[in-house]
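Each of the next two complexes has subunit A plus one other chain: subunit B in the first, subunit C in the second.
After this line comes the complex of A and B, so read on.
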């Protein structure tokens, strides 16, 4: 029997460790950097700037009063709901169009130029026009998120499904795979890492553009609250919303990395 | 060459070109019902291309390939192939990789379970059903590649340099295991390799393919007893044949020595 290799990579441990190695220098470094930055910010605002300017202690104090409001929770629900819905629709559409582009050369000829042009365009430039077309309402936000996700997913799916290893195709043909089996049984799974990367990028763009719509069209959501709180000179409350958006964005990124490891454990980057 | 019952595969005057480049010229050969034919030749001589034509993955420009009298124009269900780089799907575990062909043919679930378990047992992979290819060594991956081909119970097995991407010790182990498996289930087989030892060890006949375009330069009958084990490798008959095939391959045409037996 051949030897079984589990491919566990040895990582040299940092030297200063406490509590069973949970606290390492590598993990401590960003905490220290953050603390230093917060202290500088706090001291500077207190020493030099007017009272309404946001400062770390003010933001922390503003958290309870901000999240105790109905406005906060309806905003969070509206923004996150629209983003998740848009990502779902945009991903499915992007995967279907992308796999068609990747597997049917003629279809790619028709689509590729325009999909890639739109993909390269900063979509935020289209936000005002789409608001005019769809109206000053939540639907505009959903449309923007769908497009923001659809474009990168279509592009990465097309690239991923086009570049399948020839040997996989030979195996498929040899064992009797039909076109449908090759699309959904070989091309799509082998392109999973590409597709997940596309969805991840779509999420980031979708969040950005959703916030832009909320601000420009006064659609209820976290972006609108950031804007109104800031206009009311309540900078601390405004930054509580920004903090929540940051947590959401980082959380999504972490989840997507896990998602890729789970879907494509063979793929190491 | 005749088509009368005893031949599983008949290749007649096969020729193929890529654009202006002639790859195969006028190749004729046959493989018996339970015969192993080795095809040996220098790298890039076209032996894999010939095998792919037999598998229905490439098309001839002229000539004809028949398996059990049926013309090969696309992959036939009675033919299986083992690939040089294994070709296992990394997103499927070993069990699912091996069950792939049967699932595509919509075999009943109980039958798939039974045949896959048999094949896994045959190649010695019991206990690794749930493992993914990237967790296994090359030798074990190719065992799975072999099981995936055998589970289809093919009438013709095509081996495309199956052990060339595997380390030398494991390769030797797998060669004898393949012979053991074949003794249990004799089937027609084409074994493409660039290793002369391997060609002689496996084959009932060795076909030497060479030249540009590739043509059959020599056919050597291998009169070694079966079942073959390690003792065969040191026998005078084996060493003698290996020398003959070496000369078939590397002597310039027109130099001394017979070309064809």
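After this line comes the complex of A and C, so read on.
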């Protein structure tokens, strides 16, 4: 414990005043850390491991030849297309079911047995039975993405629409709001941060489960390519696919967080 | 009250009925949903044949597999991986989290990469991990931990960062030494954050365990599940899926118990 000093507190950052304070220690630190990590990786692989193992320089060299293939673009289109389609279907279904659950208590109770059980279950365990039913086909991937998104969206939408403050409802009633106005005019907008959080979670799970289906059911796509390239001992190309998946996943997550902050700046996390 | 009830509109009376009998209605809703599921399952099972066996067949298959099948040995293998994963998550997650909260520089250096690693679908790193570290238990643990450590890590970091300045000042004024500061301020303050991370990690560690077992030379419960898929035995697959689902519900329940206990503890600690 010698590394901890006695205070956890916000010490004002000691700034190195190069370039009029543009380069601070905090800005420099991730660059240095990243470079060190990459060098360690590169040196370790060169020194210890066989030549086919992926290393940073090899991955960079493999980017042009991998991206130039038709296989790459068909994989990207298949995987990302399925994920986006699944997210669209799953979100709409989740929002509709979720708002019904939030507004009608009996429906909430009725659905909660299914949704609780499925929500607890790691969805990857559903992949084998879905493959069995749908077949070794791209449709299996779509189904699992839809389920992956539907569940969190339904749960968060129900949570967000369940507790609307009484003032809103009273004002709505005073202006003669019908049930449909209350559901879609008051409850749903006030639940948007919840819904976006649900979609965000669904996206992350959907990507993982889509890749799982691709591998287990041999469906063409980026996840499949990660594994086939690796089996062909073309580790660098395999890592190029991983890199693309990571960029997609990080991009989506960042976008969703931005979107949530823009949508509801008062709502943290 | 009674006279008012008589003169109310239909809607009013319905609302009153729903409020008064809430407990019974709730029970009825649960019962109805389960009965409907089983009924539909049974009916579909009889009409679909091999691909979708009825509920009763699934249950008898599950019973057989529990008696003499590969289910319990598979569970033992998975439970070991699960236990090791969760233990590492807690130990490493809490330690790293405190370190990240303590040192601004270390946090600034590594947080972007933690974020990237968190967002990247870990499943796609499986081939890389297997080439680097093989297909053995260590690799499985690594994959599983990478999937499930982040809630604890992030929770502890945020918790330790949000310790109010006043608490630390008061501790300093009363001349508390390093050990006292940790015991009386930091640990009590961070514990709820750590516990809510652990609650999430309890569920996620199961995902990690299954992913590691599916994709690094099948093993444990995942291998049992895949065995049924390759021979297109839907009774087998359904039985194992239900078995896993039951375990998952229990684990999530344990997590919720921890949280409920924690909420009470928090109230008493504050009040």
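Following the convention adopted for this analysis, the second predicted complex is superposed on the first by the 236 of 269 C-alpha atoms of A that agree within 3 Å, B and C clash if a C-alpha of one lies under 4 Å from a C-alpha of the other, contacts with A are read in each partner's own complex, and residues count from 1 in each chain.
Just so we're on the same page, a contact is a pair of C-beta atoms (placed from the backbone, for glycine too) under 8 Å apart; a residue touches a chain by one contact, two chains touch by 3 or more.
No experiment lies behind these values; they were computed from the predicted model shown.
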{"item": "First (subunit B), second (subunit C), both or neither touched by A:175", "value": "first"}
{"item": "First, second, both or neither for A:77, with subunit B first and subunit C second", "value": "neither"}
{"item": "First (subunit B), second (subunit C), both or neither touched by A:60", "value": "neither"}
{"item": "Partner chain in contact with A:37 - subunit B first, subunit C second, else both or neither", "value": "second"}
{"item": "Subunit B versus subunit C as contact partner of A:163, first or second or both or neither", "value": "neither"}
{"item": "First, second, both or neither for A:96, with subunit B first and subunit C second", "value": "neither"}
{"item": "Contact breadth on subunit A, by residue count: subunit C or subunit B", "value": "C"}
{"item": "First, second, both or neither for A:120, with subunit B first and subunit C second", "value": "second"}
{"item": "Set of subunit A residues, in rising order, touched by both subunit B and subunit C", "value": "1, 3-4, 6-7"}
{"item": "Touching residues on subunit A, where the partner in the complex is subunit B", "value": "1-7, 167-168, 170-171, 173-177, 181, 186, 189-190, 192, 263-267"}
{"item": "Residues of subunit B touching subunit A in the complex", "value": "52, 55-57, 74-75, 77, 79-81, 83, 85, 87, 89-91, 100-101, 104-105, 124, 132-140, 143, 148, 152, 170, 173"}
{"item": "Touching residues (chain side subunit A, partner subunit C) in the complex", "value": "1, 3-4, 6-11, 13, 25-27, 29-30, 32-34, 37, 49, 52-54, 105-106, 109-114, 116-117, 119-122, 124-126, 128-129, 131-133, 204, 207-208, 211-212, 215-216, 222-223, 226-227, 229-231, 235, 238-239, 241-242, 245-246, 249-250, 253"}
{"item": "Subunit A partner contacts - residues on subunit C that touch it in the complex", "value": "18, 22, 25-26, 29-30, 32-34, 37, 51-52, 98-99, 101-102, 104-106, 108-113, 115-116, 119-128, 130-132, 160-161, 163, 165, 168, 172, 177-178, 181, 186, 203, 206-207, 210-211, 214-215, 222, 225-226, 228-229, 232, 234, 237-238, 241, 244-245, 248-249, 251-252"}
